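Chains: A, B, C, D and E, in written order; residue numbering restarts at 1 for each.
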Amino acid sequence: MEQQQETVLAFKGLTRRFGGVVALNEFDMELTNGQIVGLIGPNGSGKTTSFNVLTGIYEANGGSIEFLGQDITSWPAQKVYEAGVARTFQRSRLCLELSIFDNIMIGAHKRLNHGFMFNVFKRKALQQQIKENYDEARKLLTIFDPELADKMFEPVGSLRMIDRRRIEICRALISHPRLLLLDEPSAGMTHEETRELMDDILEVREMIDGLSIILVEHEMGMIERVTDKCIVLNFGQKICEGAYREVASNKLVQEAYLGGE
Amino acid sequence: KDTVKVAFIGPLTGGVSAVGVGGRNSAELAVQLRNADPDAKYEYELVTQDSECKPNVGVQIATKVAADRSVIGLVGHYCSAVAMGAVDIYHRFNLPMSVWGAVLPDVTYGNDYKEIHRVNGTMINQNEVAAKFMTDQGYKTWVIIHDTTDYGKGHDKYFSEYLTENGGEILADFGVPADQQDFTAELTKAKQLNPDVIYFGGLTPLGVRIRAQMDKLGIESQFQGVSGIKSDSFIDGTGELAEGVVSFLEGAPLEKLPGGQFFSEKYKAAGFTESEEAYGPFAFSAMNLILDGIEEVGPNRKALTEYLGNIQDHDSVVGKISFDDHGQNTVAAITPYVIQDGKWVVWEDSEYADGTRKLAGL
Amino acid sequence: MATASALELKNIYAAYDSADVLEDVSLSVPAGKITCLLGSNGAGKSTIIRSILGLTPPRSGDILVDGESLIGLPTHKVISAGIACIPEGRKVFPKMTVVENLRLGAFQESSESVIRDRIDQVFEIFPRLKERKGQLAGTMSGGEQAMVSIGRGLMAAPKVLLIDEPSLGLSPLFVKENFNIIRRINEQGITVFLVEQNVHQTLAIAHYGYVLSQGHVVAQGTAKELSENAEVHEAYFG
Amino acid sequence: MDMGLLGQFIVNGMMLGMMYALVAVGFTLFFGVLDVIKFSHGDVLMVGTFAGFSTYLGLGAIGIDNAFVQLVGVLVVAIASMALLGAIIARYLVLPLKSAPPLNTLLVTLMLGTVLREAIRLFYPDGSNPKRFPALLPTDSWTIGSFNLRADSVILLVGGLLVIVGVHVLINRTRLGMAIRAVAQDEETAKCMGINFKMIVLLTFGLGSAVAAFAGVMNGLYYNEINFGMGLLLGVIGFSAAIIGGLGNIYGAILGGFIFAALQTLGAVALPFASAYKDVFAFAVVIALIAWRPTGLIAEKTSERV
Amino acid sequence: MTQSLKDKLIILLLAALGAAFLVTFIAIEEQAEIFALLVFAGVLIIASAKLGLTDKISQSLSRNERLLNLSSIAAMLVVIFWFHEDHFPLLMIATVLLYVVACCGLNMQFGYTGVVNFAGAAFFGVGCYTAAVLGGTGTPLLLVIALGGVMAAIVGSILIIPVLRTRGHYAAVVTIAFGLLFRTFLEVNDTLGGPQGLPVSGMNLFGWDFNSNIQITENIEFSFYMNYVILALIMVILTFILMRRIERSWIGLNFDAVRLDETAAACYGINIKRWKILSFTLGNFLAGIAGALFAMMLGFIAPSNFAFSDSLILVSIVLLGGMGSIWGTILAAGLVVLLPEKLQVIQEYRFLLYAVVMILILLFRPQGVLPRNLRSYIPGWRG
C-alpha cells in the first residue's frame, strides 16, 4: 500500500540551544504513516525538547520540521495542533479544577464550533454538538477505563495520577490527530498498568486512520513491544536508529543509556 | 412637643473627615441647644449622613434624606462636587437646605433652585479680597500650586483672574493631585523662578506638606493659603514654619461677633473630642437658621423654603446673613488671617499689620 | 526481628478530606536495613510517607522513631528527629539553582564545611549536576530534576531516609545506578524506607518488604519471601 | 537649565526614588513568600510612622530631648512594633488563607489596610489631621548656587541604601533568605527540608513590615509631616515600582522606584503646559514599559518548562 | 412527597424567605435591629450548614435551575413593588443591580479567563461619561446605553497589548496604572467637566420620562426610580443569561483553559489572544452599559466616583462572591453596596466595621460566599 509509506514528519538538522546547553544538535528524523517510533536516550538528551520545538512551544535555532509535506518549523502551537499534532506532557498538565469531560473537550478544540453566535444564540445546535462529543469522549475513555467513563463530570483534581495520565492521552486522541506525541506516559505505573495502557493505545490506533506515534519512554519493555523503530538521542544528537533489538545491542547505546548487562 | 427631623450631610470618613466631623458636631450643638431651650415649639431630631466626599454616594444619601418627607430642612455639604450633584435632588423633592462649607460658586449660581442656600461665601469673594490684599502689601510675583479637585481648580481660576486685575504676575501654575506627597519637583522649579509669594489653593493636608517642603528646599517666599488651610491642624502640622502664613476666610472673625464667644464656649462645654474646624460656625449658623425657620413657619418644607428666601440681616455667629436671589449669603465679609506665634490672628490685630513683624520678602 | 526498628508505624489510619486512604497500617522499618514498600497505583504508599512526615497527619495510630512518637510534631521537627525524604515527583525548587537546592537539603546542618563536603559527594555521584551547578532547577529535564531531588535527600545525612519512587523518569542506566546508590547509602548506616514500582530491582536490594493494597498491608516478609510469594508474584511480576 | 538646579532635581528625585524603592522592596518580599499582593503595606507603613511619632511624643513627655536618643527610640519602636504587627497579620490573616485563591489574600489585606487607616483616623488623638513629624536629623545644609543639599537628605539616602543592601544580602546570602525563597516556591517540600514554614512566613512578614516602618519614619523625617492617608498612594506606587522593576529581584524594586520618581519629576518639570498631567504621563509610561517588558525591566529568569 | 415536588417547594420557600429578608433589611434603620437581623441571618446560615441542610438545598437548587431563576426574579419583583413609592430603597436596589452587571463583566475577565482588571471603575466611568456627553444630544437613550458599553470596550482596547503580553501581578499593574491615569486625566482635563463633574440627563424612552413619578391611579404613585430599577433588572437578567450561556459553551471552556494553563491550551489549538481579547472587551462592555444607566439614574457624575478605591470595591465584590460565580456576585454586590449604607447610623465608624466584617467573612469563606460550581453544560444533564 502506497499510503503506508508516506512521510508524516521529518526533522532536518533540528537544533535548539538553551544558553550554553545544546539540547538538540543537528537532529534528523523521519516518521512514516502509521509508524510508532520510540524516542529514547539518557536524561537530558533532548527528547522532551524535540517535542517542544515540534509543537511550537520553543523556536528552533536551526534546521527544519516538515509535517505532511508542509514546512511547520516556526508555526505557533495552535497551528501545529490544527495541522494534526497532539501531545501529552511529561508532567501532567490537566486543568485540575475542570471536569474530565471539560479536559477532554479542550483536546477536541478543532472539531468544535467556537463562533460567538453559535455558542450564545444557537443553543439547540450547541447542545447537540455537546452531546455528540460527549458520546465520542465516553467511547474513547471507555477503552482506557470504563469506570472513569462514568465519572465524566467529576473534577480531574480528585483522581489518581494514573487516571490523569489516561485522561491526558484521551485529550490528545479525541481530535483524531495524525501524529501523537507521548512523553513518558507510563511514568509511575507498575508493569501491569503500563502494559494495559499500551494495549489501550494500540487499540485506539486501530480506530484512527493513519495515526503515527512518537513515544518517549524509559521503560524498555514497552518500547520493545510497541515500537516499529527506535531513535536514540544523546546530548541532543542522534546516536543510533533502527529496530529495538538492533538499537539495544549497539555498544554506544548500552554505554550511554541502557547500562551494560 | 412634636418631633421634627432636620438633617446634616458632610464628609465623615476619608481625607477631609476632620472638617466634616467638626461641622457635624456644630450642627448637633445647634440642635442640642434648641432642644434645651424651653421656648422651642418642637423637639428636634438630627439625622446625619456621611457623603464620603464622593458625588455618587452624596447623590444617594441626598436622595435618602430628601425622600424622607419627615425631614424638613437640611444643612449640607462641604465638598463642592457632592453639592453640585445633590442640588438637583433637593430641588426635585423640594427640600430646603443650606450649604455650610462648599465654596464653588456654581452650587448657588449654577441653578435657579429656590431650595438651595449657602451661609458661607463662595471662593469668588475670597479670592477677590485675597488678590487685592496681597498686591496691596507690595507683592509682585506669584507661583500658584493648587490641587486638581474642583476646590483647588476653582481657587486657581478666581485668584488668577483677580490677581491679573490687580497687576500681580503669575510666574507658574502647578496643578497637583490631592493625594500627592512630594512637591520637591514643583517647588524646585518654583525656587528657580523666585516668586514673592507661593499661593496654595487646596486643603490643609497638602498645605502642610508644601509649607514643610518649601523649607526643605530653602525657599524664602511668602506662603499664602485659602480658607481650606485656616485650621488649627495647619499650625499643628507645620509647627514653627507656620509663622507668617496668611489665609482668608469668609465671615467676620468669630471672636469679634457677639455670638462668636458664645459658640466657642458652648462647643467646648458640649464635650466634643474633635475641633469644630473652620467651618463649624457656618454649620452651626446654618442649622440655627433652619431651626429658626421651623419655629417660625412650622414643619413644612414649602413654608421653610419661602422663609429662607426672605432672609435678610439675620443674626448668626458668623455675622449677618442675607440671601440674594440665588440663595447666596451676600454679606459674607472676608477676613484676612495671619499666623502669629502659633495662632491664627485676624490681620488687623496682628503685629504684622502694625509693622512690628514683617511678612516674608517684604 | 532481630534488629531494633528505626521507624515504626502502629495502626495508622489516614484520610484526605472525606476519602479514607490508610486503614490500620502497621509496619516497622528495621534500623540499618533497606525496607521497601510495594503496591499498585493509589494504594496509599505516598500517603504513608506523608503521614510519617506529618504532612497528612494520621487520624489515629502512632508513629515512632527510636521509640519516640512523632504524632503531632510539625514537619520540621520530624526532620530534626533524623528523617529525610526524597519526595514523590521530584519537587525541586524551580527558581533556585542546583547548588541552592542541594544546600536546602542540608538546611538543618549549619557547618559550612560539612555542607561543602556533602555537595562534593553528591557531585561525585551525579557529575551531570556538577556541570549544571548554576542552572535553575526548574529548567532541567525530568531526569535531571530527579537527580537533584535524590542528591538533595542525601545532603541531609539522616538516620532514616524515606524515598518515594526515585527512579520515576530515570533512564535505565540511571535506574540501575540509582539502586546502587541506595545500597551504598544504606551501607553507610542509613536506614532506608523505599517506595518503588520496580519490583525486581527493588527486591534485589531490599532486606525486608511490605505490600500495600488499597490501604491495607496485604503481605510482608523478607525480600526473598516476598519474591517467592505467589500472590505478590501474580500481582506485580506479571 | 543651570547645573545647580539640575543637581537639585536629581537629589530630590533620588530621595523620592529611595522612598519608593523601600516600599517596593517590601512588596518584593511578600511576593517572594506567598505570592500575594499585600495591599495593606502602605498602611502598615503609615501605622509605623505613627508609632514612631508617638514614641517621640512619649520621650518628650518624660523629658528626653536629645535628638539622637529620640531618633534611635523612634526607629526602634517603629520597626519593632511593625515587625510584630506584620507577624500578627501573617499569622491571623495570611496563613489561614493560604489555600484560598491568592487574590483573596489581596482582598483581606486591602480590608486590613482600611481597618488600620480608619483606626488611626478615629482612635489616634486628633488622628484625622496631619501631624508635624520632628526633624531629628542634623539640618545643616550646603548651598552652591541654586543647589541646596541638606545633611538629613544625605543621611536618609545612605540609610535607605543600607537597608536595601541589607535586605538583599539577607535574602540572597543567608540561610534565612534561602528558606524564605524555598517556602515561596513550594511550601510542602520546604517543610520536608526541615524548614519551619510558619516561622519563616511570620519572619518574612515581620521583616517586610519592619522595612515599611523604616520607610515610614524616613518619610516622616524627610517631609516632616505625616497623616493617616499617607500610605495609600505610596503603597500603590511602591507596588507599581516593584512590578516595573521586575519581581523576584530586589534590584528590580530599586530600579522601579527610581524610574517612577524620575518619571514624576520629569513630568512636573518638563511638561510646561500642564504639570498636572505628570501623573497621567508617569502612569502612561508605566503601561508602555510593561507592554514592552512584560515581566519587568530586570526580567525574572524563566524557571518554568514544559 | 416526591423529590421533585420537594425541590420545588424548597426553592419557592427560599425565594419567599429571601424576599422577606431583603424587604426587612432594606426597610429597617435602627442600629440594633440591623444588627439583630444580621446576627439572625448568620445564625440561620451557620445552623443550616451544620445540620447539613445547605448541601441538600444546593442540590435541590441545581436540579431546578429554571424554577430557581424564575422565582428569584419573582422575589425581586416583590421586593421592588413593596418599595414602589420609596425612592431611596429603589435607588439602592438599582445600584446593587447595576453593580451586579459591572461585576459580571469583571467576572468574565478574571473569574473566567484570568485577565485581572483593577480598573473596573474606569470602564464603568467611560460608560457614565458617554451617557453624560450623549445624553443631551437626542441620541435614543437605549442606544446611549449600548454606546456606553461600546466606548468602554474601545477605551479598553488601548490596553489590549499590555494585557495580552502580561500575566498575574504584572497585568494587575497595567490596569491599576490605567485606573489612576483615567481619573487624573478627567480631573485635569476640563473638556469633560473637570473635577466638578457633569450633569446627566435622565432616561427618556419613547416619550416616557424616566425621571418623573409614575401615576398609576389617584392614590398610587410609583417612584420614578422604579423605571430605573426595572430597566436595571432587565439588564441583570440579560447579563445573567449571557454569562450563563457563555460559561456553558465552548467559549466558556476556552476561557477556563486560558486561565488555568496557557501552554497546554495553546498546544490544543486554543487561540489565547482571541479569547483574552473577547473576554476583556466583553467584560468592559458590561461595565460600560452598567455605567451608562447608572449615570442617567444618578443624574450627575464626577471623576472622584471612578477612583482606584472604587475599582477595588468592584474587585472585592467578585472575590467575595467567589470567582466566576454569578450568584455569588449577586449576593456579594448586595452585601457590599447595602452594608455600608445600612451602617450609616454608626457614622464615621462604619468603614472600620465594614472592613472588619469583610475580613471575617473571608476568613470563614476563603473561596467566597458562593464558590463557582463545576460546569454543567446543560442543566441537569449528566450524559
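Everything that follows uses one rule, which is that a residue touches a chain if its C-beta (ideal position, glycine included) is under 8 Å from a C-beta of that chain, and two chains touch if they have at least 3 such contacts.
Predicted, not measured: the structure shown is a model, and the values here were computed from it.
Graph distance from chain A to chain D, where chains that touch are one step apart, equals 1.
When the partners of chain D are compared with those of chain E, the chains appearing in both lists are A, B. A straight line joining the Cα centres of chain B and chain E is 37 Å long. Distance between chain centres (mean CA atoms), chain A to chain E: 43 Å. Measuring from the averaged C-alpha position of chain B to that of chain C gives a distance of 75 Å.
Annotation for chain E: residues 184, 187-188, 263, 348, 351 touch two or more other chains.
Shown for chain C are the residues in touch with two or more other chains, namely 139-140. In chain D, the residues that reach two or more other chains under the touch definition are 118, 274, 276, 279, 306.
Every pair of chains in contact is given here: A-C, A-D, A-E, B-D, B-E, C-D, D-E.
Chain E makes touch with chain B in their complex at residues 86-88, 91-92, 95, 184, 187-188, 194-197, 199, 223, 298-302, 304-305, 341, 344, 347-348, 350-351.
Residue ranges on chain A touching chain D, taken from their complex, read 48, 52, 57, 89-90, 93. Partner chain D is touched in their complex by these residues of chain C: 53, 55, 74-76, 79-80, 84-85, 87, 91-96, 100, 103-105, 107-108, 110, 136-140, 152, 156. Residues 13, 15, 17-18, 21, 148, 174-177, 179-182, 184-186, 188-189, 191-192, 204-205, 208-209, 212-213, 215-218, 231, 233, 236-239, 274-275 of chain B touch chain D in their complex.
Contact residues on chain D toward chain B in their complex (touch as defined above): 5, 8-9, 12-13, 15-16, 19, 118, 121, 126, 128-132, 141, 143, 146, 148, 150, 153, 219, 222-225, 227, 229-230, 232-234, 264-265, 268-269, 274-276, 278-279.
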